[in-house]
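Each of the two complexes below includes chain A, the first together with chain B, the second together with chain C.
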Partner chain A sequence: MLEVLNNDWKRLLEEKMYLCVSIALTICSIVAAIVLTNTMQTKGNIAMVVTDQSANTSLSKKFSSSPYFHVSKMKKAPLESDMVQNRYDAIVTMKEDGSYNIKTIKSDDMKKMIVGALNNPDSYVPSNDKDREIGTNIMGYMMMFVLIQGLFYARFFAKDKEEHIIKRVVTSPIAFRKYLFGHATFILGMIFAPTFAVILIAKILGVAIGFSLLTYALLIAVLSILATAFALFLNSFFCVADTANMIGTATITLTTILAGSFYSFTKKESVLDKLVHLLPQKDFINYVNALEKGHLSRNIELQFIYVLVISAIFFLIAVMKTKRDYVYR
Partner chain B sequence: MNSIVTINQLEKNFGEKQVVKKISFEVQKGEILCFLGPNGAGKSTTINILSGILGYDSGEMNYKGKSIKSCLNEFKQHLGVVPQDLAIYEELSAEQNVKFFASLYGLKGRELEEKVTKALDFVGLLERRKDKAKTFSGGMKRRLNIACAIAHEPELLIMDEPTVGIDPQSRNHILDSIKKLSKHGMTILYTTHYMEEVEEISTRILIMDSGTIIAEGTKESLKEDIFDERQFILEVEEEKNLNIDDFYTIEGIKKVERKEHELTITTLKNIENLDKIIAMVIKNKAKILNLFCRTASLENVFLRLTGKSLRD
Partner chain C sequence: MRNLYLITKEDLKNLVKNPMWVFYGAVFPFLFVTILGFLGKDGYGKEVTSFDYYGITLMIYSILSSGMTSANAFMEVTIQKPNMRIVYAPGSEKNIYLSKIIASFLFTFGCHLIDLMLLCGIYHMRIHAIPQILILFALTEIFSVALGVMFCCIFKTEAMANQILGVVINLLAIFGGLLFSLDGYGKVIRTISYISPAKWLVKATFGLIYDHDYSWFYPTAIGMVFAIIVVVAICNKTFRKEDCIC
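For the complex of A and B:
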């Protein structure tokens, strides 16, 4: 097994550019997750129209000091086009009797948030049930790249098949399972180590990453196992490395987007949502989200186990298929 | 000689097609056993089965008297395979290639280093050991392919058409290497459809066609067994004086042909009649300028056995 692992490493060193690109993509995905999470958490810009009489009401004072909104006080309401141009998310007109009027072109959710803050200005905390935290976003953004890296590193196994080297290996006394485990360990290690290293560096640099390093290690390990098993599974069915790579990349891209690793599409229990749960990526990201929010339940834990089970099934199929194709005694 | 491998009633089908038809043969220790046959004869299938790359439908394979299935690891430890397709890592150096394949046989440390060096030296690539395989010529890659199979010093080396598509210089180098390996005691099973290679290196030959072994023996015995005649070619002057019918009075003469200055006489091999043929030419007042005897080649043997040329 160590011989295969060592040989894969030597082969990778001859293709350093691929390794650099792979690490760069991981870094980009993490940076994108951090930046976009912060952007999504930007406070709402509110234009608060106050008359002389209403300016000093306690409600307008408390609302303007809300930590969840940037409130600009003004005597005259801005043009609606200012909302179109994204200068303001809403215009709140305060009346002398303490009532108010909200005008917004954004979603009802935005209106509900403002109403919530105005009705309960002292203890208002925006609901974050539907939102993802930074840790979930990092894992979600990384997921596609991590899974694609599995395909990339599995190409040494694919090349062994394509260039008939596997036949030479079969004639040697090395146990076939050791040969496959050698490749699997290499793929797993090459996905895990750089990805975790990037997270570690982000932590050292003081970037808020959500989870603890240990939790990240476990989550990345599980994702790496899924990536490895899927890559070996797919490559066991194709004799040409590029074919497996192309089909795998397309499958991963489509299913990862559908699973909502970047953005959750399905907010309600629709048929699509139920179908999408068949994708291990969806179950994984649900688990990560629940873990980060402290909402773990039996159902969520089962989703996590499903990811591990499907990885095991992928791996078993890969071993059996390859063995059936190349080992006859 | 002792038998290393015994194959008994081996059969292999690809769907409806019977590719190997219940063949039996033995590989003797120290010999260079050549499998000769046209493309599609079943020789590569047979050795792929023996190498463990292909399964088989029925039959028995024994290694030193034991079923290969029961001593698979022992057999593999003593087996080296040079596949027909180059099975090397182009992106790695010659040394890294040989090291990897040798390490699969459990070689480590100093022993590994020494055997890798020895194998590279043997195929004439020691000076290029640090160069990547992708920088090598076709012939050098073939030699590296061999080095990867011999570094662990196998007892039995299976070579499947190892000289396909290479230059004559590399071919000669490979054939010389095979003879040297044999001298060192290695048993070699060699497939090819190049007749001249078989003539040069074989100690025994198996001729295969359409999935069966149609003849077996040394090159000399095959020629002896299959051909009972030989030809004398005489280059003559004054050939118009020759009366062809006179030659048929000599014992053993089967056929006489005259073509300008050349007289071709086919005669039974076991009858000594050359002196009578020469006497007849002189009697007819013709002058012999040149004379040579043509014996059967393996190509003739093959043609006689199968009714087709080896490269058909």
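For the complex of A and C:
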């Protein structure tokens, strides 16, 4: 097992450019995750149209100083395409007599929230259930990149298959489990180390990251295990490295967005929503969210265990599949 | 010219025959829009549906991802030996990468056109100024396809080009606000997002559809043409026929 690990490392060092580029990209994506999280996100961007100075009442002044909304005052209503692009969530037009008119392309919830804020601007506090905190956001943003990295480093296994080196491994006395486990350890280490290093540096620089370092180490480790298991699982089904790569990137992108890693979809109690819970990413992000907010329940702990179980299943399938393909009976 | 035509024809055949690429080019974008559209339905009202939004943004995302297809078409294992033959054959070796760019462009653009038609037909996606949008999308398609080939020329191996391309495309998409909107993040991020060509595209396209506004169309189109020239020039500079010998 250690030989495989050592060998992978030497092969990686042979391609220094590849190593540098992948580590640089990892750092970029995680820095992006931290930067995006640390800029404050408001409940909504609102364009307040005040055509007439006399309409500039105390209500509009109070509303625009609300901490929950980012209100930009303007004389002319913004373009509709700005609304479609989510530049503004709603346009509030103030009239001279103090009444107002709300236009939004978003759902009624958005409208209700703005009406609530306009009716009593002083005491308005929006519901915070759906909001995530810093740690959850960072984990959510970097999830996709961490998972894709698994495919990055699984390529030595893929190359073994592509160039038929694996057939020689079969004839050697090493057990298949150990051979794959060696690859797995290598991938795991290569994902974990740079990712955690960036978080560590962020912590030292004093950036707010939410969790403690130990928790981060644990969470990133679990995510890396999932990434590793999935990469090996996928590669065990294809003999060409690029096919596995392309399918893997596509699946990871689609499922991670579906799992709501960037923002959670609001649809409730539909069949699709229940199906989404099958995705390990969804369970993982749920667990992280609950952990940060401090309401862990038995159900959520089960979801966390599910992530580990599914990783184990991926790994086992990878072992069995390669065994069936290459060991003669 | 005739050589280029013949090689392109063969490359195109090679692309169409592979079921995985047909899936990635045609089925995957449609699936992506459908699933996200259904999930995001509740967040939108009646005037503009979630399909109107995701249809455009995710199609742009798919168009940017078509670099993966061209990288595959260029340096896939089965295509390496035919490439080597072309190196030894009389004629210009530039045909090797030019034909890949043209063939993958024709293939992916065809796939995406079918997707767009399906989206308009099934989900009644709102669209306007169709010729201009198609010009914009076609230019972007050429750009991303050439980008895929460029990465292959620089890194010499397809696996590496593909993996790096995957991350680069995702970063461009996130900073362009394709996967989720960045406009809630304040002014700094909003300014940063203009670095990504995806942002220009989204802005130009939505401007054309909802405001009949052409002011972003011309700069974006000219910028894309410029980017294509740069990318092809880099391909020309970094492509060495020795790399095709296996």
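The rule is short, and it goes like this: the second predicted complex is superposed on the first by the 234 of 329 C-alpha atoms of A that agree within 3 Å, B and C clash if a C-alpha of one lies under 4 Å from a C-alpha of the other, contacts with A are read in each partner's own complex, and residues count from 1 in each chain.
Rule of thumb we're sticking to: contacts are C-beta pairs under 8 Å (C-beta built on N, C-alpha and C of every residue); 3 or more make two chains touch, one makes a residue touch a chain.
The structure presented is a predicted model; accordingly, all values stated were derived computationally and were not measured.
With both structures placed on the common chain, the touch criterion links A:Val115 to neither chain B nor chain C. With both structures placed on the common chain, the touch criterion links A:Arg168 to chain B but leaves chain C unconnected. Within the superposed three-chain model, A:Cys28 lies in touch with chain C and out of touch with chain B [touch as defined at top]. Shared-chain residue A:Ile102: touches no atom of chain B or chain C.
In the superposition on chain A, contact is made by A:Ile247 with chain C only, not with chain B. Once chain A of one complex is fitted onto chain A of the other, the partner contacts of A:Leu200 are absent, as it touches neither chain B nor chain C. In the superposed model, A:Tyr326 makes contact with chain B only, not with chain C. The larger set of touched chain A residues comes from C, when the choice is between chain B and chain C.
By the document's definition of touching, of the two partners only chain C reaches A:Phe152; chain B does not. Taken together, the two complexes place residues 15 of chain A in contact with chain B and also with chain C. Chain A contributes residues 3, 7, 10-11, 14-15, 163-165, 167-174, 326-329 to its touches with chain B in the complex. Interface of chain A with chain C (complex): residues 15, 17-18, 21-22, 25, 28-29, 32, 35-36, 39-42, 44-45, 70, 79-81, 83-88, 104-108, 144-145, 148, 151-152, 155, 158-159, 162, 240-243, 245-247, 249-250, 253-254, 257-258, 262-263, 265-267, 272.
Touching chain A in their complex are the following residues of chain B: 49, 51-56, 68-69, 72-73, 76-77, 79, 81, 83, 85-89, 91-92, 96, 100-101, 103-106, 132, 148-149. Contact residues of chain C toward chain A in the complex are 20, 24, 28, 31-32, 35-36, 38-45, 47-48, 52-53, 68, 72, 76-77, 155, 158-160, 162-164, 166-168, 170-171, 174-175, 177, 179-186, 188-189, 202-203, 206-207, 209-211, 213.
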